[in-house]
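Chain nomenclature is as follows: A, B, C, D, E and F, assigned in order of appearance, with residue numbering initiated at 1 for each chain independently.
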Amino acid sequence: MNSVHMDQLSWVEYERRVRDGAVLFLPCGATEQHGPHLPLGTDALLASAICADVAQRIGGLVAPALSYGYKSQPKCGGGQHFCGTTSLDGATLSALVRDAVREFHRHGVRRLVLVVGHYENQWFVGEGIQLALRELGPDAGLEVMRLEHWDFCREQTLADVFPNGFPGFALEHAAVIETSLMLHYYPSLVALERIPEDACADFPPYDMYPPRTEWVPPSGVLSSAKGSTAGKGQRMADDIVSGIAAAVCHEFDLGNLQ
Amino acid sequence: MNSVHMDQLSWVEYERRVRDGAVLFLPCGATEQHGPHLPLGTDALLASAICADVAQRIGGLVAPALSYGYKSQPKCGGGQHFCGTTSLDGATLSALVRDAVREFHRHGVRRLVLVVGHYENQWFVGEGIQLALRELGPDAGLEVMRLEHWDFCREQTLADVFPNGFPGFALEHAAVIETSLMLHYYPSLVALERIPEDACADFPPYDMYPPRTEWVPPSGVLSSAKGSTAGKGQRMADDIVSGIAAAVCHEFDLGNLQ
Amino acid sequence: MNSVHMDQLSWVEYERRVRDGAVLFLPCGATEQHGPHLPLGTDALLASAICADVAQRIGGLVAPALSYGYKSQPKCGGGQHFCGTTSLDGATLSALVRDAVREFHRHGVRRLVLVVGHYENQWFVGEGIQLALRELGPDAGLEVMRLEHWDFCREQTLADVFPNGFPGFALEHAAVIETSLMLHYYPSLVALERIPEDACADFPPYDMYPPRTEWVPPSGVLSSAKGSTAGKGQRMADDIVSGIAAAVCHEFDLGNLQ
Amino acid sequence: MNSVHMDQLSWVEYERRVRDGAVLFLPCGATEQHGPHLPLGTDALLASAICADVAQRIGGLVAPALSYGYKSQPKCGGGQHFCGTTSLDGATLSALVRDAVREFHRHGVRRLVLVVGHYENQWFVGEGIQLALRELGPDAGLEVMRLEHWDFCREQTLADVFPNGFPGFALEHAAVIETSLMLHYYPSLVALERIPEDACADFPPYDMYPPRTEWVPPSGVLSSAKGSTAGKGQRMADDIVSGIAAAVCHEFDLGNLQ
Amino acid sequence: MNSVHMDQLSWVEYERRVRDGAVLFLPCGATEQHGPHLPLGTDALLASAICADVAQRIGGLVAPALSYGYKSQPKCGGGQHFCGTTSLDGATLSALVRDAVREFHRHGVRRLVLVVGHYENQWFVGEGIQLALRELGPDAGLEVMRLEHWDFCREQTLADVFPNGFPGFALEHAAVIETSLMLHYYPSLVALERIPEDACADFPPYDMYPPRTEWVPPSGVLSSAKGSTAGKGQRMADDIVSGIAAAVCHEFDLGNLQ
Amino acid sequence: MNSVHMDQLSWVEYERRVRDGAVLFLPCGATEQHGPHLPLGTDALLASAICADVAQRIGGLVAPALSYGYKSQPKCGGGQHFCGTTSLDGATLSALVRDAVREFHRHGVRRLVLVVGHYENQWFVGEGIQLALRELGPDAGLEVMRLEHWDFCREQTLADVFPNGFPGFALEHAAVIETSLMLHYYPSLVALERIPEDACADFPPYDMYPPRTEWVPPSGVLSSAKGSTAGKGQRMADDIVSGIAAAVCHEFDLGNLQ
């Protein structure tokens, strides 16, 4: 029972580690189309893998991922018209996070990190954290970090990964970053031969409801995944994992654990 | 991409199978103490494994499990005072199920099975299904089955597994059934040497709030797990998997698929 | 003003009794079909009568019954397709219970018993209690008991009432137990001559949504009510009333009151 | 089974009457202090009695009363600081009404009357009706009347009952109207000798939160109940019952039923 | 930055005044038809103007108005069938008020006045206040006044303004009081020439859902606005402003401020 | 009554314009600290002014602004610890938007534009729109645009306004863009002499809850507002107004209206 995964530990072992001050990581994923070459679970799978790597490094724990996320938006995830995309209402996701945070606090967890792997989750996950903290009151002693993992890619790495210029995280749905990270962490789940030829999506500075589905490439890929490699994935994963570990140690005063 | 697991399939492959009429299974688990010898994820792990076995047999699909469930109750799960038990409010769980069912319907799924692996989930999962169906309206064409997997153990099997008499499913928390099923499906996650010596819990015919924690053995095991074996697990898994498959084929008129 | 019924007392008298430590009972009923021979109010009527008997015995009080309950399920109450069955959403029932518990606590009540007379209510009533206690905080000093009254029938009584074997509480909807109790408490509301001839319903180990209405006898009676008598009702009522009184005295340290 | 009370009828008899077009009445009461001389259940008791009288007259049905109502306000019900007053949040009451209306519609009821017996209920009951009708859609065919029963007292009656001038319905809490109606309908529940001597409460044209409890007489009676008689009660009940019956027949085109 | 309007002040200036004990006023308006001669924003505009006048007089502050209110009812606002009337669900309005009150408390505000300018708002605004105070707990130290501004018109003023008798506030929708107040505060927004000739609406003592739209004059004016003048408006505004100022000083012990 | 402001129009005039196909604009603002030099209402004021300019240009209408927005976040609005910042829970804001959109649809509006003036509003406003459209159903015929107005500043304009490089919209809180736009639209509400000297805030790629208030300059200004001018404001306003007008005409096929 040497695992970092909470769901693989007995409560006795989990309690021991929590008492020892372990940082708990909660991956916040989604079930969302990721083009014809990546699996529907990409966001939860990547967030979980990254959490596990960070937890290994700093003696932390990883809670079971939230496998369903907020509604996919055309400009960052393709939109709700895709088959397979399985999304929650905002209030449901916020309640889910609120309940989980409340429980982790009851366990004695005082350092919690929510690792968002699905762009659309950010605000509703943040709301859930804030609702929990309000309910727990000012003396709860719980500190929570929330982050989107891709924000820890270093500039130089992005410059190297995108020699023709980085299109921005918004368009990086099912594209080079996610595909490379999946090649690094879950190579058997990537179908490189199915990467579509779609050109980069070009969105206007506004959103339409109901969505203009014609704005989104039929494949669901917002910019090309061509050029993805496991090596690029490893390099970005290194940035992300070391970056998160450093941030966690810095904010939670864990200098000696790393 | 031969998997039955939705999160390992691309949306294109998932859509193809849904169009072909695949039955979709949603495991409804929990993160809950299961004694010192079983992991916190037992309920989600078992429900997922059983769903996968049934889906293999009938050409179905398995959606990502709900990893968090309704509040643990002393008389069937030990109660909310255990560290590690991570539970949702009833309204949160019902909303989660409602949202998921609504989305599966949008995908074109018309035959859906929710496999409950956590006793306390039943009513709130059922409410979520009913809320979704009311919202979808009378012409939705969606049929949903909900079941607790252990109810498919045959009488003769239970008689053989419990030669001294079956204590009933309520007390079978972290006991012989779950331990044997875990030995069958996930042997590396079972710590047989840590099975406690606790005698069978004996509960009065009422519940107290706040819970009388002294009613529950400190280990969290409600009746002894001694005597659990992988063989018993396999035999019960056979009952459960074949029973669910038969029920699904019967209710959804899938005679030719099995 | 010698009544045990809260709604028949002035607030001055109610306050006096609460200050003296009276246990408060809240009957949680339903408005639900109970076959052609029992009235729609059976669950609330029986729960109220039992509460009154217990309150008489131990100097308690009975709050006005919750007359509407959670959605009727085919396998224990016939289902929502029956005319007359008038049910609440789960969240509504839980909120109703939460609000009532919060108010009783404000009154000074510290010993509260929720007597469920409708099988489907259990989990949503329990959730309402838990929501109220969380809101009231750890120092509220309120202890709540929740029970389903039929669980207090003694084994020997059941053996005598069902000489051919007890079919289980789930099928005992509008059948011998409820009909006999109604003959004991409200004989004028029972139409013995209309007891249907339906054979015992036989349900599979799963539920379907929308319900398979053909599973349920058209009368709404899940097993035969033939053989019901007021005498059987009295005997079961004796078990139930004395059992609840003993449980209440035991849990609330009321040894001298009985 | 000649009763107008839904909870005393079998579903078969209820269904027959609904199919014959019976108007259904839902009494919306409260559990609220009504001075030292009237019981806590006054509002539900009076609304139920009035509904029964009207239903008798026009061949209608009476559903089980809502026994708990919206929060008591100082200026019309004394306020929430009284022991015994047991109130619901606004959203709970609206949900309760919404659910009940939705169910009555499913039964086939097309003419529904909600008789409010607690001043504070009006707006949240109205909201519940509107929520249900929106959900049922524009083709539901359900017509709902909502009324406060005291508004049917005729001017001449009020002039006779209050020879010194009518103080207005707002102050008529536990005063002459309610006491007289209780003497008419439930004389055994009135303790005439406990009517307090409190002078008429005098409220400013605004409300304070938390309430200024010193505004309210300690007895909870907002204007004197002296002079209440069963005769006055009967006369007002006649106004109310005949007035409601006429309104119902007028609005629901039931000319021949009266 | 000498304004009383919070939205025109910097946070630094606002904080200074709050620390000095300024009373904060929140106008609670609506967007609702007010006949062909008054604008849709009448309720928010009047409540804001009155708040500003009172705040000027006592050194208070005015928060941005709630511009949308509870659903218009036929008998006091014409009803929801009018174009332009833009209303909130009750729960939305209560949540809005609850959130605002919670925030004002966080700012350090301890004396808060909610000035309702839309008859239908009263109960849902009151509920929002009560929800906030419950959440803030018994030691919050926040005192809230809620009022409907028209209730501060003095009897003599009403007698003078309505020489033929005052029809009551319920029918005073878009009629003499509101039109005169608008002529006083916002003369350019009044189209006197479009005042309709509609006779006074005459409503029965009950409400129907869906509304009987034929009860309401097609113009939306419930009693005639003929005879409205700026002078009458000024006189009523004087009553209202001085009355509210006096009430505030009385309840909040601000004797020296006026 | 030539105004574009809905709240200044009678319902008759509003209805006429809606029938003629007018586009309706809803400004979504906030009450939030904007440094010592800008007023708390900046976000609502700017969104309203921009909406009015666009509406003038294309014959549209402007609904009353939402004056309260979602919780301020440290990295884009300074955070919830500032006095004066008055924020809503996410669910409240979404419900507010949902209700408003539902009502505009009932009015006959078929082209609706929500102009967000507060960065934190985006996702909860979007959720509100989506909730409304789901409720209205697939045949509602309502098209909604949502935009953040600053996204319509052209690149060349930003290059000219920020000769030393544009710090990004996230840090542009109470800085050059907002200050210049306020100087253009509401010069009397800007206190140029109080612009603080704070250096540009520098945030890490994650958020902490409770917030690390020391990350945020005490003034609440996230990057310097030095160099703001009315001329820059006019130039950006021109970009924004013409950009939105063009987008609206393009998406809503209003070629002839501009």
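Annotations
Everything that follows uses one rule, which is that a residue touches a chain if its C-beta (ideal position, glycine included) is under 8 Å from a C-beta of that chain, and two chains touch if they have at least 3 such contacts.
Here's who's who by UniProt: A, B, C, D, E, F = Creatininase.
The model shown is predicted, which means the values in this text are computed figures rather than measured ones.
The minimal number of chain-to-chain contact steps leading from chain B to chain C is 1. Just one of B-C, A-F or E-F has an interface built like that of A-B, with over half of its contact pairs in common by residue number: E-F. Centre-to-centre, using mean CA coordinates, chain C is 26 Å away from chain D. One finds 55 Å separating the Cα centroids of chain C and chain F.
Multi-chain contact residues of chain E, defined as those touching 2 or more other chains: 89, 91. Here chain E touches chain D in the complex through residues 70-71, 73, 89-91, 94, 120, 122-124, 126-127, 129-131, 133, 143-148, 151-152, 204-210, 212, 243, 247, 251, going by the rule given at the top.
Across the complex, chain C meets chain D through its residues 1, 5-12, 14-15, 18, 31, 33-41, 44-45, 63-68, 80, 82-89, 91-92, 95-96, 98-100, 103-104, 106-108, 189, 191, 194, 220.
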